[in-house]
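Structures incoming, each one as C-alpha cells.
Two complexes come next, and they have one chain in common, chain A, joined by chain B in the first and chain C in the second.
And then the complex of A and B:
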C-alpha cells in the first residue's frame, strides 16, 4: 500500500516540478519522508492576497491516494475557509463519506483521480473567492461579508509578513 | 495541333458527375490499408514474409537513393534517369503517358502543373516523372525535402526555370470515386495561379495500381508509413497522364478560379471521376467527428465506473489522447494506476495540443486577468527532474527561494517601496 502511495507521490512531484501551475511550488520537505510536503502558494493577482507567498504543509496518509492528504498553512492566515490553526477546509480535501459541514456536493470531493496540483489550485481559487458558507473561521467569514475594507487590511498585513517586509503601518 | 478551346469547351456542361447524386465524403478516402477478400487473403499470407524481407532490403537501398538524390544536379537528364531507375528498384514505377500532348508544343509548355492528389507520395512521383518541385511541404521532414526539392516559393519560380506542381485538393483521396474541390490556399499558391493564368496550366491525372489489395494512402497516415508499404509491395505503378494544356480563356471573368475549375473538370474527365462539392475543410471537419465518435463509442463500451474515470483522467491530463487512456485503463482497471503510468512516462504518447494551459477554468481565468507576463518570467519552472534526492531537494529549495524573491520584487515594484529588495532577506 505504502509502495503505491510512494510511486504516486513521486509521479506527482515530478509533474509539479516540470510543469508547475504558476505561482506554486510544492514538494517533500525532506525526501527521507515522502509523506510530508511543503507547498508555497502565491496569492492570486487582483485579490487582497496578491503577491503573498503562503507556506503550507501537506501530510499524506499511507493509503494515499485512496484517502485525501491534510493541508495546513504554516504561516498566520486569516481566511473564511481556513481554521485559525491553519488547517484548510475545502471540499476536495474531504472524502465523499465524511461531510462535517453538510454543504458540499460529492462531485468536488476527494477521489483517487484528484491530485496535489488540483488541491493547490483549489486553494488558489478559494484565496480569490472565499466560500463564506463554510465558516471554518467564523470571524473571518463575518468580516469578509460585513467589513471588506478591514478584511483587506488584515490580508494585506499578512502578505507583508509572508514577504518579510515591515507592516504598512510602520 | 489542338485548339485548346475546342478541346476543353465541351467538358463544361456534360460533366457526367454533377447530375448524379453526390457521393458521401467517406467514399472518397481509403479508410483501411488492406481490402482483403477471401481469395486474396491466402495470397497475402503467403506473400507476407517475402514482403517483410523485401522492405528491409529496400530500406537499406533507400539510403543510397537518398544520397544519389542529394548529389545529382537538378534539372538534368542524368538525374531523372538514375533516380527513376533507382526508385523502380524500391518498388515505385512511374508510367508517364504524354500521348495526348505529343507534338502539340508550339511554344514552351507551362511550368505550372496541377494534379489530383492520391497519396502522400505524389510530390515524389511528379518530381521523378517530370522533375517538378512541389509547393506543398506535406508532412515530409526537411532532409527529405532537401533531396527532392520541395517547398518552393515564388522567388525560386521566378529565378529558375524549374517546374512546380500543385495539388489543390489539399489531401490525398483514393482516386476511385471523385475529386474534392480545388482550392488555392496561401499567398504562394495565389501568386502561382495568377502567374499561371498568364502562362496556362498543365493538368496531370494521377492514378495508381498495386498487385496487393493494399491502399497507397489511408486517411491520416504518415508519409513514412505510406513509404514502408511501398517498400513492402512488390511493385506500385503510378500512372501519370499528361493532359492538354489549359490556356487562359479570355471570356472568363475571374481568371484564376475559372482556370482551376476548368482544370478540375479536365482531370475528372480523364480519370472518369465525379466532381464533388466537398472541400478540404469538409474533410477536416469529418475527421474530427470521426475521431470523437470513435472514442465516444469506445468509452461508452467500458463499464460505467471506468468510463467515468476515463473522463476524469482526461480532465486532469488533457494532453493525453483519449485512446491512450482507454487502452491503459482496460489493462489496469484502475484510474489511479493509469494516472501514475501516464505521469511516470511508462506509457509513451504524443501530447495533443491543448487549448488551455490550466485544467481548471477558475484558475485560467485568474491568470488571464493577471499581469504576471509583464515581468517576463515565470519563477519556479524547471526543465528537468533531478535523478537523486539530493539534487531534487536542492532544486526544490532554489525554486522556493525564487518564488519568494519574485513575489517580493513584484510587491515592492507595485507599491513603490524604497528599500532595495535584498535588504530584509531572511536568514
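And then the complex of A and C:
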C-alpha cells in the first residue's frame, strides 16, 4: 500500500465523487499525481457571485493531513480574502497551531480533521460573506465596505468573464 | 533555451577543435602538443569549458537513463542544493589552493555530479510513497541507480583510503569523508526503497513501517554526525579548520537532534496511548461512525481504538514537516489567572426535596429524552467547573510558591546571623525536607493513580474519578511537552 497522504487523498477523492457537495467539483488534475487538484466552485446563490463558475487549483504538501494544502484561483478574482494573484487567504488554510498575531484561534486553523470538502465549503461561504476585517486584497475589502454597488458591478463582470460571456454594454 | 544550449555545446566543440588543431599544427607531434596546451592559459580555459560542457551532457544522459523526466519539485530541490554545494566547493578550493590542479578540479566536479545523483535518488524514493502507480521501469531504474551509486562511493572511499595510507594525508582525505557521507545517504535510500517496496507488496497498511523509518533516520543521523565530527577533528589536526564543512555539519546535527526528539516523543505518545486510554470495544466502534477521522479509513481492521487510531498512523511526523501538532494542543487554554476570584456558586435545589411528594418529585424530574439530556448536560457542566477549579488552585499554588521559597531563603539567610554553628544544618534541612515532601507527595499521587487504573482495568466506568485522573495525566504530559519544546 502507498503512503498515508496518498491514501487519504484517494479516500477524499472517492468521497467527493460519490457524494459531491452542491456547487463544488474537485479532483486530481491527472490520476498519476494526486497532489495537484483542480476544483470548480459555483458562486453561491443570492450573492454578487451568483452563477459564476470559478476554477481553482489546490496543491497538497507531502505530509498532507498534517499540513494544509494551498489554494489558488486560476481565474481572475476580486474578493477581499483573495490575493490579487488568486491565492486564497482563509484561516482553515493556515498551518495548525496558534496564530502569532492572536487573531485566529487554533480551532479555526488547519488540523488533520479538516478536509478538502471543508476547505471548499469555507471558500463558498467567504464568497457569500467576505471578511473585510482581514483583507488579503485591500482594494477589494475597502470597496466591499464603502462602495458595495461598485463591488457588485465588478463581481458581476467577473462572473460573466468566467462564463465566457461578453460584458453587458452599459 | 534549447537552441542556446545547443549553440554553446557546438561552440565549445568548435573552439576545442581549433585549440587542438592549432597545437597539433604548431608542434605536429602528440606529446609536444599536449605540453603546449597545458602550458598555455587560453587553451586550458577552452579545455575547461569543453570539460564542463561534456559533464553537463553526461549528466543529461544519465538523467534520461535513470530518471526520465524530472518532476518540478525534484528540479527545484536539485537547483537549491546545487547552489549550496557549489558555494561549499569554492570554499574548499580556498582551503586547498596549494593543491589546485586540473585533476583536483575534475575530482571536485565528479563529487558534485555524484552528489546531485544521490539527492535525486533520495527524492525519487520518497516519491514512491506518493505515487499511485509504480511501474516496473521505475523499480529497474531505482535499483540500477542505487547499485551504481553505492559501487562508485565504495570505489572512491577505498581509493582515497589507499592514497592516504601510501602518500600521507592530502585532499584525498576530504574526498574519502565526502564519499563516506554519500555512502550513508545511498544506503539509507536503499533501505527506504526496500521498506517502501515491501510495503507495496501487500494490500494492508504496514503500521510498523513508520517506526522503521524513524529509527533508520536516527541511526543514519548518528553515523553522519560521527563521521563529520571525526572529519573535522582530523582536518583541524593536519590542515586548518574545514570552513566548507560547517553548514552540512550543522544541518546533520540538527536533523539528528530532530530525529532523536521524534523518537522520544513518539515513544512517550505510544506509552500514554497504551496506559491512559482504554481500547475501544467492537460495540463502541459500531456505535460511532467507524471511520478514522484523520485517515478516513475503516477502523474495524485490526481492532484498533478510535482515539489511538489517529496515533497509530499519524504519530510520526514525516521528515521535514514542522507543523506537526499533537491533538492535545487543542485542549482548552488555561483560564486567565484570577486566584482570588471564585466563580459564583450555582443555585442550590431545595434541600432534601422534603416538601415534595413522590409524584411531584417525578414530575419535576421528568422522564422524557430531553430531561435526561438536560441532566447529562448539567453533570457535564459540573465536571467542567470542577476542572476549572482544580486549574485555578494549581495556578494559585504556582503563584504563591515563589513567594514561599523567597521567604524560606530569607529565613535561611537569617539563621546564620542568629546561630552560626547550626546554620548550615538548618538551611540544608529545610531544603531536604521540602524535596522529600515533594517526592512523597508525588509517590502518593502516583499510587493513587495506579490504584485507580487497576480498579478501572477490573471494572471499567466504575469510578468517576478516573476521568479526572486521566485529564490530570494528560495535562502533565501536555505541559512536559511544552517544556521540552521551549
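Just so it is clear, the second predicted complex is superposed on the first by the 161 of 170 C-alpha atoms of A that agree within 3 Å, B and C clash if a C-alpha of one lies under 4 Å from a C-alpha of the other, contacts with A are read in each partner's own complex, and residues count from 1 in each chain.
Assume contacts are C-beta pairs under 8 Å (C-beta built on N, C-alpha and C of every residue); 3 or more make two chains touch, one makes a residue touch a chain.
All values derive from a computational prediction rather than experimental measurement.
After superposition on chain A, the partners chain B and chain C collide with one another. In the superposition on chain A, A:35 contacts chain C only, with no contact to chain B. Looking at the shared chain after the overlay, A:53 reaches chain B, while chain C stays out of its contact range. Contacts of A:125 after superposition on the shared chain: chain B is touched, whereas chain C is not.
When the two structures are aligned on the shared chain, A:151 is found in touch with neither chain B nor chain C. In the superposition on chain A, contact is made by A:159 with chain B only, not with chain C. Contacts of A:25 after superposition on the shared chain: chain B is touched, whereas chain C is not. By the touch criterion defined above, A:45 reaches chain B but does not reach chain C. For chain A, the partner that touches more of its residues is B, with chain B and chain C as the two candidates. In the superposed pair of complexes, A:65 makes contact with chain B and with chain C alike. With both structures placed on the common chain, the touch criterion links A:12 to chain B and to chain C. Within the three-chain superposition, the chain C stretch that clashes with chain B turns out to be 297-305, the only such case among 189-197, 243-251 or 297-305.
Judged by the document's definition of touching, chain A residues 4, 7-8, 11-12, 15, 31, 65, 111-113, 115 lie at the interface with chain B and also at the interface with chain C. Against chain A, in their complex, chain B makes its touches with residues 309, 312-313, 316, 334-336, 339-340, 343-344, 358-360, 362-363, 366-367, 369-372, 378, 380-385, 389, 392-393, 395-396, 399-400, 403-404, 407-408, 410-412, 414, 417, 424-426. Chain A contributes residues 4, 7-8, 11-15, 17-25, 27-28, 30-31, 38, 40, 42, 44-46, 50-53, 65, 111-115, 118, 121-122, 124-125, 128-129, 159-160, 163-166 to its touches with chain B in the complex. Within the complex formed with chain A, the residues of chain C that make contact are 126, 129-133, 199-200, 202-206, 293-297, 310, 313-314, 317-318, 320-321, 323-325, 329-330.
The part of chain A that touches chain C in the complex is made up of residues 1-8, 10-12, 15, 31-35, 61-63, 65-67, 95-97, 106-107, 111-113, 115.
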